[in-house]
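Chains: A, B, C, D, E and F, in written order; residue numbering restarts at 1 for each.
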């Protein structure tokens, strides 16, 4: 039953939050750690929706923080599962920041989180496959293998020369 | 004055925290996002100590979450600046988890966060150089250039074939 | 500029939250007050989006709490502005609760919050009109006048026999 | 034993709170949702005291927010049970706000919350009757029936023309 | 104006709180630090009411934690100013804990906190005198001098043999 | 096994925290209660490390708050067990405050907390003895008996004239 296919839309989560005083540093900017906290919850809900299981964060890919996000800004985090590998799921996130009073809206962060579905004893358990539908979803699906190799190399769980997908990137 | 050199020890921060109920998910495990929140604060303090400036999170490198961390566990996060590049600083973190009642202590996470020192208007401002002392600090210092190239490539701010340090990794 | 018309979709906010330990009472059920806290933030963001102004909560209509919401459930709160009266906006909210592991999804609460747009000195300031588009939005728009009269009567700011819209309800 | 009568004083709760930074919005005003969160806890304790049972929030009547409450203000919330109907209890709340430095004290909100007493399986269970003592308590007791009808009508659980107590209000 | 006398009743604060999951340790007992956090806020409000000034915590006398307080218990903290010395005020607190479901109510802690009233620059500023009314208030008033000497001795700001009031205690 | 000796270093805990908006009062100063909350957690971890048991706060000795600590300051709390008496442990804490931007670092608070180790039923259970190593640790060890007598006298559990160690202090 767990093996039936799912679309990206099936796991899509939209989370909207207002930046409150305790989320900010001495310059009234949102702290990076608070943003990652919110992203982790949004991504976990997406992975739960896809797998119908308890999920645990397995890894987080490189995240760049470009624009400062300030007190009172409204964050919209979108998250959905791009591809699954047995019991693990890659979740794509994008963060949009809106300063409503100044009428400014920018997309600030893109990120990939990986989750593993587990049973009640904490053991990994297989999850449904993803069927990408739009062009953007297909692009994310295709790139997921390369990102997975990079994760394994960076975690010392794959040798660089075995990461064929990834290697081609540096060979061009 | 800001250009004088500093050691890794000068920026070393030790943060100890107990995992409380609200930090955990339905399996009583620490949520990944809560751990990143704490790591970001520890790393920010290290970068502040090095630069004597307000700092903002610029990026976070891949993080893997290996061991589940449970309610009541004690986290010890150590963070120090490994190397600086103009106004940016790479901070190395390691997380140790201790289950005191069961007498179990494991190192669970290593991570690199990058911070930028800014003045009161939010503009980047140069920071002191790092002088590594121990073998481990020297190794981290040497690897910092390669990790920086990977960050720039992953953020689409450097072409893969310009990342000479990084490239050599995949050419072996 | 503030007087141009807006649709309900323009102010639509979707907020997704996971019920965490500290949100719950001794039976592991979400506390009503925590749900109202989240609803107030979602509604405030909708009113901000409509008015492009700082907004303050003016009133909350009767809310019934039907289904118990438990630890680990995922809340999805949708909010949009149904109609404006000078500087005040009525916001409609609906709360959907999903227990992902049990595959159960129910709509639990409907509510109306009223906000007032204020300038930097805290003075009320006019907001755009709402143009309802769908049948449901038109129904909400039409009912807004009656609900407004009920609010004014309940707050002792209108005599019952002046509330013509409302009165007809009890005369049938 | 659960059927013995109780006075309003038996369930009286006084809760004093200081408005902290994270409770406020961009104008440094207390957010309406935070106030409702505190009111819900005060009212729940009153209902617990009356019933000696676990209680759950069943409904909240219309609340108007009149005066802005600001950072540093001291809130005093008083709550007691006005009347019971089988397993449900109506709780009356009043909120007083004091700005100590400016020597200003105002009563800002009155509200009615309804709670249901439940057993360990979550099933409703009868609670003691209320014996009002002062004139004000008697007035609240008498009005409770009309408010209950309004709640039922608004929740679509009673037809308007059956709400005899309420109807008379609009017939005058 | 600041020199007019005040009664203990003038500064009396009653704070009621429910013990929530995040306030507790691995045995579901309220953490001592969380209780001191709440006591500090209650005492600060009492000192503010007495002085009509911003106040800062100057010291806390020995506190013993006798009874374990558990998840779901209701705390009632009472605090009032017992005596003032120029710009400092001694606040007496007592904590009562009620387990409503088990019908158990005990007084668990007594404590003395000292606060200093300050002006906007943080400088100490004189406060009104206290006029004790009941026997218990008079007893607290009389003992305040001895406790003050003990504080000064313990903070190394008075030599033991100058603490005449205190000394007599050990000479009996 | 619980009776083997331990050094002070074995239980040493270092906790680093940044003062965030919600930790502060109207003058942007850290509230005393928030500091005690953090001290209690640091001390509890030290007592846990020493005893390998669940611990509960038994008492807190007089604490003086000297320097104001402000928003953005970095707190470093050090805690270790100085001496044990059967199942109780005295923990010494010192708090250092650093204002990194102003290059100011001061030691602000010293304190003694006492914890009791308990088994799963909450019953006290013996803990290892402490073997002090440095001169400072030996001084703390020696003074622990006098402080213990003061605690017992202040909690009315010892008569002043039985507190021989303490008495000598006032007899000089």
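Here, a contact is a pair of C-beta atoms (placed from the backbone, for glycine too) under 8 Å apart; a residue touches a chain by one contact, two chains touch by 3 or more.
Quick caveat: nothing in here was measured; it's all calculated off a predicted structure.
Enquirer: Please report the minimal path length, in steps, between chain A and chain F on the chain touch graph.
Expert: 1
Enquirer: Which one, D-F, A-F or D-E, has the same contacts as A-C for more than half of its contact pairs?
Expert: Checked against A-C: the matching pair is D-E.
Enquirer: How many angstrom between the C-alpha centroids of chain D and chain C?
Expert: Those two chain centres are 20 Å apart.
Enquirer: Taking each chain's centre as the mean of its CA atoms, how far is chain A from chain E in angstrom?
Expert: Chain centres of chain A and chain E, defined by C-alpha means, are spaced 49 Å apart.
Enquirer: Suppose each chain is reduced to the average of its Cα coordinates; what separation in Å results between chain B and chain F?
Expert: Comparing mean C-alpha positions, chain F is 30 Å from chain B.
Enquirer: In chain C, what residues contact two or more other chains?
Expert: Residues 21-22, 25-26, 41, 44, 54 of chain C touch two or more partner chains.
Enquirer: So which chains end up touching which?
Expert: Listed by label, chains in contact pair as A-B, A-C, A-D, A-F, B-C, B-E, B-F, C-D, C-E, D-E, D-F, E-F.
Enquirer: For the complex, give me every residue of chain C touching chain B.
Expert: 20-22, 71-72
Enquirer: Using the touch rule from the top, collect the residues of chain C that touch chain A in their complex.
Expert: 13-18, 41-42, 44-45, 48-49, 52-54, 74, 98, 100-101, 103
Enquirer: Applying the document's contact rule, which stretches of chain A touch chain B when the two form their complex?
Expert: Against chain B, chain A makes touches at 25-27, 29, 31-34, 36-41, 44, 54, 56-65, 68, 113, 118, 120, 122, 150-151, 154-155, 160-161, 163, 166-167, 169-172.
Enquirer: Which residues of chain F touch chain D in their complex?
Expert: Checking each residue of chain F against chain D gives 21-22, 24-26.
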